[in-house]
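So, here's a batch of structures to check.
Two complexes come next, and they have one chain in common, chain A, joined by chain B in the first and chain C in the second.
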Partner chain A sequence: MTVTPPTVAAETPRRALHRLRTSRGRQAWAGWGMIAPAAILLLLFLVIPVILAFTLSFTNARLISPNPPRFVGVDNFIRAFTADPVFVQSIGNTALFALVVVPVQAGLGLALAVLVNRRLRGTTFFRVVFFIPVVTSIVVVSILWKFLYREDGLVNSMIDAVTFGLWSGTDWLNDPSTALGAIIVMSIWQAVGFHMIIWLSGLQTIPEELYEAARMDGASPWRQFTNVTWPGLRPTMVFVLVTITIAALGLFVQIDVMTQGGPQGATSTIVFHAVRKGYEQQEIGYAAAISLIFFVAVLIIALIQRRLTREKD
Partner chain B sequence: MTRRTSPLFVAAGLVTVLALTGCGQAGQGTTTGEDGRTQLTMWTHSAGNAAELEVYERIISDYNASQDEYEVVHESFPQGAYNDAIVAAAASGDLPCLLDLDGPIMPNWAWAQYLQPLGISSEITDSLLPTAVGKWDGEIYSAGYWDAALSIFARKSVLEGNGIRIPSTDQPWTKDEFDSALATLKDAGYDTPIDIGAEDTGEWWPYAYSPLLQSFGGDLIDRDTMLSADGSLNGDAAVAWGTWFQELFDKGYASNAGTVGNQEFVDDEVALSYTGVWNALASVEAIGDDLLILPPPDFGNGPKIGGGSWQWAISSSCNDAEGARDYLEFSFNDEYITEFADKQIVIPATEAAAQASKYFGDDGVLRPFVELSQKYAVLRPETPAYAVISTTFETAAKNIMSGADVKSTLDQAVTDIDANIASNDGYGFQ
Partner chain C sequence: MTDTLAPPARSRQNARRAPRSAATSRRWGVVATYVAMSLLAVVFLFPLVFMFVSSLKPDAQILQDIDSPMAFLPVGDISLDNYFGVFDRVPVAQFMFNSVLVTVLTVGLGLVVNSMAGFALSRLAWRGRIVVLAVIIATLIVPFETIAVPMVYWVAQLPTLVFEGGVLKYDFGWLNTYEVQIVPFIANAFSIFLFTQYFSTIPKSLDEAARIDGASWFGIYRRIIVPLSGPAFATVAILTFLPAWNQYLWPLMVVQKENLRPVMVGMQYFFQLNTAWGEVMAYTSMITIPVLVVFLVFQRAFVSSIAASGVKG
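Presenting the complex of A and B:
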């Protein structure tokens, strides 16, 4: 290595040091310093992967291949919508899943939150009960429910017992007409506790005086809910809706563990399909295109949601 | 350092730490042990398989003790995560010198230039079962200590009691005989007469069910060109296979509930079990002389069994291929091969090891497997496209199982496979 000219070497740090000594400069440096950790992590794990995915989606890149990737234009996108029936099916499944899960899970979470918000003995017990599925690993939950849903599983035994043998259930996860429904039920049950806690925290921010005033005006419990509780929960509602929507659109683990997208593609989702194509079948370029489509779809849905739930002054 | 400037230094420190973790994994090249020996890194998929690991540990310690030049250092991964670990390691240039791999994936990795030709003494590879030697593009890239084979387990008393002919290797069941045997056993009170392991997932599906397809006369791909599955996977023979496979479930002869493994057969909940050699000893112990190890039925083109199990290869980035070869040659000792066979219950790859084995020698209880493997084993197609063929076949077969239209399902599978091969410029076959 050659030696750098001493004049330059001596000058640069001195100038930097000078800037450090002035108070404005110090503040700026401190600011950059504090941003740095988050900025670097975001760059490394968000910005770079997104740029990579964007670039890869226009190539035929492979996970494993001695051939260099080739630019193929929008071929991957055309293929997704015209030559890949499972992808189209996956969009439908994902949309259906989100359409059912978002309102039901949010509503059920709210109902549970109102229930456990009462000042009754044992509410802590119920809060814990509803929250347990959330802290249990989703993989474990999925494996357990896979057993429950079997033809000779607990769900069917229960149906059998309740209807006195009049109606016997089917093999839930192996029947194309019931598999997605079964996964929807399980997913709602698993995550509802989480949203209950969020709703609960929202409920507890509503001042007690408002209820007191409402009661003095003679409002029924339902009027109290519609005129005091619901308006007070608005920011919470926006948060809950957005988180459930994003989680629902990203449905993957349950599918991977319970059905692998089957039977006959009835439970395949966009994320699952992307992982299958990209990882199992090594078509990284095509999987990147699917991910990009997914990204755009989520972005649009999030924007619509934001618009619909914005504060109207 | 003054207190005010500290955020800068903290930030700089963080950047350094991040940069270091970012590239901390690179460069698993030649390293030297404390005693100056060259270390050979080795990965296996055997974490969790105590019997297999025990033999590896013995070989490694024997080898290391015999050496002052090389030292083998091994690391075990669970099978489920193993292939992903290899692909990730290859992508970041971190492959170990020695690695084991599932036979059918080898052409994919050899084509991707992860592997170098094995180059061990041909005396060794010639003595192995042909299905235990992995070839791609005219070169040997992998070799294994054992092979596995599938067969049909049955109880002699059950077959005789129901008037079903006991098949032999020379005279296996025909399709009609097999179907009527299933019907008879169903009438005899078995809820599902045969356990074919359909509750399992992944490579089991092509491993277990593509030989049935081949026995019908179909195949996963046209093996002459390796460029298209058209006609092989969706021809008349394949449709006949698919229809038969679907009926197996429709008529209640098989189910995809139950547990992976052979417990249903051992408990006599099913009369027949289509399962592998690795479950055989437990069944022999539970059932004794009543156990029959039968060849799979002949659906028209002779019985077929999937061949090719886990094998060893040397990575292309290995700097000490000489050492890796030296270790592999050392390890292909009949004594070790016998030990693998007897501990793991798999078919030993050499005849000498088979003769020395407790179970696979001429009088051994599991001898039938050696013959089944020699007579009926078919390798899965030796093409880099296998990763796609395998998962596509699994999806298609599962759809057929759950009632999808056979012909259109197979047509779609062919479209998917052919599109993939085309987008890879034929994987080197043109």
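Presenting the complex of A and C:
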């Protein structure tokens, strides 16, 4: 009789622990079960292709071939930098595109955001208008501009009208010196609205009181921008710069639709070159090597951008 | 109304130029803003207006009108002939069906799979959760372009099980199927990330209460979290809708069968021998209008979705 109470007392925590454990266990099962579909799909269509890109880049694999892929070491990488002038040219074009598009698109996006951030009637309408090219497919946009850029196209007829016939433009996409520039202008036009919205959401996180305080101190509009707006936009800036850079480095559709890398390789980009080698010319191994070089470049640039923007904080 | 909501910029000017009539300079600021926004609106809209207007004109008139403002006005020989011509040239209805099917399934299945993953990552305690979350976030930096070419190689040899004569057999691959256009894009690391973020803002006490009432974890997801997360679902739906509808590079590589191709790839059929620009404009209008309508109807949700995607910083 006197023994019973201790036994019960000893059993209660154990039973509670047991119950806890099964609850934990059930939670773990639910956790794995609910992540499983996404995890399996990501494994199949992201992780494995990445590993495959890595391994294929050291082989001479072809898309359709009776022979199994053979290990060739770093031959593909050596070939890319020493025996493939179009690849080297593609790196230059991609870098130039990114160097122009990143600052210009980010800057114009910010300018647009500041413009439509005013509490005036109709600003929503203009936000929608500036965003319309973003929702329009880049394939459609590229085809449209290809037509606008023709020698007898709308762009030239507008230049002609504005300059009163002094200058009538050129055949933009077929001239090696203007083709990439023409694609840059179009690309900025198409995507700037996206970044305007991102900047706008950043602007709206800045408390109005800060502007009121600045105004009380007699700060000029420019000083308000440099001392209140700009510091408040730092996290947004990191996001905008990283997304524009990654998008710019991946330039492909515009090239494929508008110029096919021409004239004389003037608009070939890394991704376009990889797709041409890997898909059209079936050299998967070599294309994987180019993709890997591209990925490493993206990674390095993204890390540098993060580091630079973090150090300023 | 406008007086109480005076935008910062105008008030700033007032502070600087106190002697001048405050109302006058404020009015000039507003006028300047509207002029700037209107000019920009023209820049953003002219190519699309040109596209819609040209789609109604015969080729000869399109080229003739380019030198004058007529290019933007639906005047002259206006008809829907180009639209009928498109139907003669390509199986538009089939392309549209394919694109709608691929888009709806990619977005729909993506919402289910990614939200379940987000639930598992944000509200369930299980061993490995942190590692899985870290891996998923790490995959965000892999641009699709870098794995596109190896992925073609991968899906080309991916086995599909077929039942043939009572025996389960391998088939050779996923090229030229609907699933190759859908399945690889269902799981999306960024969608999972957005769901995880959103779900973790919902009070955990709701789960506990439901647990006491005997609800299963899936029941909690289905009956409590999903109904409370409308904005998150809208955001993910919008952010995945556009890339799904606009897919180009991937179907170009993996779908050769005409009756399985989406609208963007269908573009290629218009650039043989001599291009009929009127029909091109009609086709691009046809594939752009559905997206524009969806955008204009859900404009508010679009803008907040894009903004939400940038908040992650």
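Just so we're on the same page, the second predicted complex is superposed on the first by the 286 of 313 C-alpha atoms of A that agree within 3 Å, B and C clash if a C-alpha of one lies under 4 Å from a C-alpha of the other, contacts with A are read in each partner's own complex, and residues count from 1 in each chain.
The rule we apply is simple: contacts are C-beta pairs under 8 Å (C-beta built on N, C-alpha and C of every residue); 3 or more make two chains touch, one makes a residue touch a chain.
Being a predicted model, the structure only gives us computed values, none of them experimental.
After superposition onto chain A, the modelled positions of chain B and chain C overlap sterically. Touch criterion met: A:P176 reaches chain B, while chain C stays clear of it.
By the touch criterion defined above, A:G165 reaches neither chain B nor chain C.
Residue contacts after overlaying the shared chain place A:A30 against chain B and chain C alike. Of the two partner chains placed around the shared chain by superposition, chain C is the only one that A:V240 touches, whereas chain B remains out of contact.
Of the two partner chains, chain C is the only one touched by A:R127; chain B is not.
In the superposition on chain A, A:P68 makes contact with neither chain B nor chain C.
When the two structures are aligned on the shared chain, A:V47 is found in touch with chain C, with no touch to chain B. Using the contact criterion defined above for the overlaid structures, shared-chain residue A:D152 touches chain B and also reaches chain C. Between chain B and chain C, more residues of chain A are touched by C.
In the three-chain superposition, chain C clashes with chain B only at 257-265, the remaining stretches of 149-157, 185-193, 257-265 or 275-283 being clear.
Chain A uses residues 26, 30, 32-34, 37, 41, 44, 63, 152, 279 to touch chain B in one structure and chain C in the other. For chain C in complex with chain A, the touching residues are 2, 5-9, 11-13, 15-16, 30, 33-34, 36-37, 40-41, 43-45, 47-48, 50-51, 63, 66-68, 71, 113-114, 116-117, 119-121, 124-129, 132, 136, 139, 141-154, 156, 183-187, 189, 192, 216-218, 221, 242, 245-246, 248-249, 252-253, 264, 267, 277, 280, 284, 287-288, 291-292, 295-296, 299, 302-303, 306-313. Listed in rising order, the residues of chain A touching chain B in the complex are 20, 26, 29-30, 32-34, 36-37, 40-41, 44, 60, 62-67, 79, 83, 85, 150-152, 171, 174-176, 260-265, 276, 279-283. Interface residues of chain B, counted against chain A in their complex, comprise 4-5, 7-8, 10-12, 14-15, 18, 22, 84, 87, 90-91, 108-109, 111-114, 201, 255-257, 387-388, 391-392, 395, 398-399, 401-404, 412, 415, 419-420, 423-425.
The touching residues of chain A, counted against chain C in their complex, run 24, 26-28, 30-35, 37-39, 41-42, 44-50, 52-53, 56, 61, 63, 112, 115-116, 118-123, 126-133, 135-141, 143-145, 147-148, 152-154, 157, 160, 189, 193-194, 197-198, 200-202, 208, 211, 215, 218-221, 224, 235-236, 238-240, 246, 249-250, 252-253, 256-257, 271, 274-275, 278-279, 284, 287-288, 291-292, 294-295, 298-299, 302.
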